């Protein structure tokens, strides 16, 4: 239907021209492409060309053991890899009915929120980079490194952590790590004021973002938009609150939401969620109990998952990140389907919302929607 | 000699009527020859001669009706450049119209127009002026509308405006005649000046009736719409005449009447309202020029039809000229006259190159063109030099006159007029570049792969125009000396010029040095170019497509050319203003159609109907005169 | 409505459900006949299952069946619903639901590419992700990824430098 | 006589290029400090230019070569009319402001023509934006120029500088502060820095006009930008900061450039029509206010 | 099949002097081909500050000297990468980040990811690791700079020299006309 919506008449063909937006375009986040049919400065038609990051995860996981896959799946989503481990582990735990120790749940919560923070910081940088406010991206990306350092300390890797395993987490928190995390959280809290001054209170940023790619509540639900983008339209829905996982049901927090559904609302929503993540980490650090960090698990090589299927979703920085996992009782997953947070936004909603926008809005729209191509390329 | 020339011309034009359609080009060769003869004679007579000629038409009692011709510096200057440009256009037309199935009658009218041109500028009395003025009006009417319907509506605009113009002009002349009893321009101008002292009400009526013709002919606000309609629909080679020459007639007449008047008032400002040391009326006129230039600039930025764009550009230039002229400083007046000449040259160049493109592609919508420069380099160069000149960029001719206009405006302290000219001048750069890009650069559509450069005979005028633009830009002294003699004849202080160095009250420029600075820089650039590693030529579609292979997406060159709505969002800034203006003009158009409707009832044939309308109005004017 | 009531409600109001099963307290699955798929989905959409989260498929090679899975979600009941149907593996085809959810166009195109399922009514069968694919759809169970990779990318084992 | 001019010409053009590149390098270091990093050495821009000229390049048509050379020579030819400290290439035309304003456009025209001939739609989009912004910043700038010409009775920068000599209180900056503010904002647009960098906006149109420039053509673009920095800061230095001798002049230019960069580093970019609107409202009213004040006082 | 030429292709003479400037001003193409790109922003921005070495991201291949293959390359990307590489101007260099362009890495058995990049375009330097840390990336850059200074980074010359060989390899994966597994072998 979107094809019909953006159908171009024969007589218009002289008036339009095509513009390739990506893959090697500075405004494109990741390896992805929109082919824009433009009339003057206004976009008439958007055709996405995904698949440039396709690795065939859904096939590859079928060839590996249940636990081997832990090494593979973080690579599905690069800016925020922990969510994959979490979804996968949760799915296995649900299928096998494994109970995760409470301390492990809390650690998972902290790690996930840290990953969210780093994804949001990337998002700040995205708004900076696409609007020409490069200072913001320089700052936010270097601030993100404080979090990556903590990850490195905790897991041994900066980006792909492979830390959350079925049954718990790989290791306990090292000595002194918690204090350092608290310091970092306080530092980020302090920096948030600077970001407010630089980005969210900047009249020009507001001017650019206001009314950008406005999405109505109904349209968002119809198109399967989730996460901060949905909350920015006024639907107060958060998986962490409504279908809790990890230790979110034990932590008390409120979901922020906006009403406008435009670029500004989405940006502010992300800023609010940044604050929320800081708060959640603080609370989690306060409440974290002692105890084991991993349930007893069988030998990974002989580990089998009972027959069944489950759809597990968690709240990522881009929305609902979910796996549909089917097990035939064997030692390998029988089928795993990935539903990335920005699948619908990047591939389908873009065709509708970007029509009528301007060329300069595409990159900014992608930044405010936080579109991550690996999500839908898999 | 002038009368002989005119007679000879009339004979030739009748002869040309009998040339068979197959030998269409022969007709144009005759024209070119005739114009060349005029040019030759103009040059031989020389600007300083006190040449006078008279030809008695009728003489009843003591009422002499004769055609009088006199060479004045201004008239001579105008004759010179208009004839030169007509000559170039006619050479261009030889090939262009070879296969045109234009009516013989139209060629006849065109010829009449060419003859009248000389007559108009050399006329010594108001009667002669009016006769040739009307001849030009009627003949250009027939040339613009060579019988097909599409151009008919456009031409109606032009013609209705012409009628209004003639009506007022005639009544003005008659009032003056009543006072002086003679048609002599000099005497009438003096009378006109004294009329301002004696009976200001009458004088203002005369002034308005004379100036309205100027407003209409020179397309000043609020009459700035007709050129876009008429130019866009006129034959391509005639557009250049319309834009380069015909639009200047009003200006010529205005200089004739109003400059002496305003200079007089400026000198003896007793009993007159003065603003900034110039008469209020002059100030208003200067402002109307500024407003015209701004509005026309924005209209040009919006237009997508290349002929319309160039036509609006003409209007904008008329705006500058008016503003400069009525700033009444010597630099202003000299700049205005100089810019008139320059504008005629570069606008002819622009229209000829547009005509060349249209000759090969039959397309005037700019977004459907593109990449013509790769196929038509000479046309492209002409257009490029013309737009450099039009945008007033050194070192071509446009900048000298624009610089003089600025000196004039700034030295007589008109901040906002200067600003208006700055604004429209930058705007000129915007729309001219847009035309350059959309027509000549960017991607060449596949359907124009077989387009060739125009025939050599058509290139000749382009070469000459290029030469003129460059040489006037480097050595403006030759033209400025001619203008100085015009200034002398109006008792205005001359432009201080020493070789190529022009001194103004504010500063001075040496155009040779400006040219040398540019040449030197270009040589520097060229040396750097040679130092750098060699460049490789690549195919047009081998461009940055963000990594995508264009072949995968069936990308055609046509689909990779950005030309439509070039300044879209910028144009949208003026949306509310535009709708208001459009409504205003639509209502005027409805009114005109309504009035036209009455006359259509009066006579069924529409072209003839308008002519009868004209005659009727003529009678009405005479009655009006008697009543007065 | 909690899950139990919801299951009851669906059972009572829609005939032809083969199997309905709770997975956990927020999630349950329905299996229907292939022919009934549009009916059940439109019924569910009207019963507030407004979000179509995913369309995917599972290749049950032993049973010679392909399972098409529609994952829905309701913001009202906060329930995830997995709607399943089985189609023939040799000539897999099913009615398209692009008129129910516009986004299904892209999901169906995706599933068509990876499983070779023909969605009747969805004419957009242009390749979306894969480049110049000539083999059997890659997510079929009988497609051997390693062999494929070795054949095409591992041809030049020897280092030529 | 002729030799004399050639030497003067070379001094003028090379100074502008070298100093422009130097300012660029210093500017990059400066902006890096705002972004909490170091950036390369101050002579980085020189290395970049030499490297660019040592690279192979492509061209779609000879018009592209010609246009880009014309663009570069346009800017150099403009610099020739600028006072460099108290040095004038043409002693009889000491910085004619109107010539400078018009000569600048040939640089833009050449560049615009060259990149349009490359046939990439991104380039004309960028050029279109640049030209639209140009009509925006020309208004406040032209008003400031008109104001200064009225105040000095001359359109020569030389005379404008002369009246500012003596003490700092004679500077037009203090005499006409509002005009200075408006002009500084216009300078932001003239240099194409944020918030008015819509013409190159990499994230939107992949660096716009520069999209097809490679090797030496990009080198020309670099040199053109360098001279443009020198030229435009130079004009404003002469107009408002009292010109000065060589060292003073260059310091003031650098100060202006760094001021521009520090504004640029905390603002995102306007859409170009918003930029035009902004230029026509805020800076224009600043300068207009000053002009009216001046006219009333007179 | 055309043989791979191993002619000596070192830069000499005047080029050596120019290489000094080239190495100090490496402009990389802003193209994130894979997941390794996530470590590039830290490398570029304040913490590791790549600009110290005169490096910076560039918008289009025409302007860039350095093509970074940041990790695995899917077939679809490979086509774009080759197109981009051919649009870049000499001298140009390619750095492959991560293990995947060397032998497929973790995606060795994927039907979509190529295993060995050096078969399709000449790689001047590979930085191993999954993914390489910013320090490793910078180390790699410095190594490339040394190679350039010594005139050894001549991948682009190899490409010209062995264009047919490369083209054949590229075509064998990109332009196949038969199914790979059941189809006829070429």
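Here the chain labels run A, B, C, D and E in written order, and each chain numbers its own residues starting at 1.
Heads up, the rule we're going with is that contacts are C-beta pairs under 8 Å (C-beta built on N, C-alpha and C of every residue); 3 or more make two chains touch, one makes a residue touch a chain.
Not measured: the values here are computed from a predicted model.
K.L.:
If you take the chains that touch subunit B and keep only those that also touch subunit C, what is left?
P.N.:
A, E
K.L.:
Touching both subunit C and subunit E: give me those chains, sorted by label.
P.N.:
In this structure, the chains that contact subunit E and also subunit C are A.
K.L.:
Taking a step as a move to a touching chain, how many steps at least join subunit A to subunit C?
P.N.:
1
K.L.:
Counting only C-beta pairs in contact, which chains form the busiest pair?
P.N.:
Top-ranked chain pair by contacting C-beta pairs: B-D.
K.L.:
Could you name the chain whose Cα mean is nearest to the mean of all protein Cα atoms here?
P.N.:
Here the chain at the core of the arrangement is D.
K.L.:
Among the chains, which one keeps its Cα centre farthest from the Cα centre of subunit C?
P.N.:
Farthest by centroid: B.
K.L.:
Express in whole angstrom the distance between the two chain centres, defined as the mean CA positions of subunit B and subunit D.
P.N.:
35
K.L.:
Counting only Cα atoms for the centres, state how far subunit A is from subunit B in Å.
P.N.:
From the centre of subunit A to the centre of subunit B is 63 Å.
K.L.:
Report the inter-chain centroid distance for subunit C and subunit D in whole angstrom, where each centroid is the mean of the CA atoms.
P.N.:
60
K.L.:
Give the residues of subunit B touching no fewer than two other chains, as numbers and ranges.
P.N.:
Where subunit B meets two or more other chains at a single residue, that happens at 542, 544, 546-548, 560-563, 566, 569.
K.L.:
Provide the list of subunit D residues touching at least two other chains, using ranges where the numbers run on.
P.N.:
As it turns out, subunit D has residues touching two or more other chains at 35-37, 54-58, 121-122, 125, 202, 206-207, 211-212, 215, 271.
K.L.:
Could you list which residues of subunit C touch at least two other chains?
P.N.:
129-131, 138, 143, 145-146
K.L.:
If two chains touch, include that pair; go through all of them.
P.N.:
A-B, A-C, A-D, A-E, B-D, B-E, C-E, D-E
K.L.:
Tell me, which parts of subunit A touch subunit D in their complex?
P.N.:
Residues of subunit A touching subunit D: 17-19, 25-27, 38, 41, 128-135, 138-139, 142, 198, 202, 204-205, 207-208, 358-360, 362-364.
K.L.:
Tell me, which parts of subunit C touch subunit E in their complex?
P.N.:
129-132, 134-136, 138, 143-149, 151-156, 160-161
K.L.:
Any idea which subunit A residues touch subunit B in the complex?
P.N.:
Result: residues 13-18, 20-25, 28, 33, 35, 38-42, 49, 358 of subunit A touch subunit B.
K.L.:
In the complex, go through subunit E and note every residue touching subunit C.
P.N.:
Touch list, subunit E to subunit C: 4, 6, 74-76, 79, 104, 108-116, 118-119, 165, 169, 172-183.
K.L.:
Could you please specify the touching residues of subunit E with respect to subunit D in the complex?
P.N.:
Per the stated touch rule, the residues are 18, 21-22, 24-25, 30, 45-47, 49, 51-54, 58-60, 62-63, 65, 89-91.
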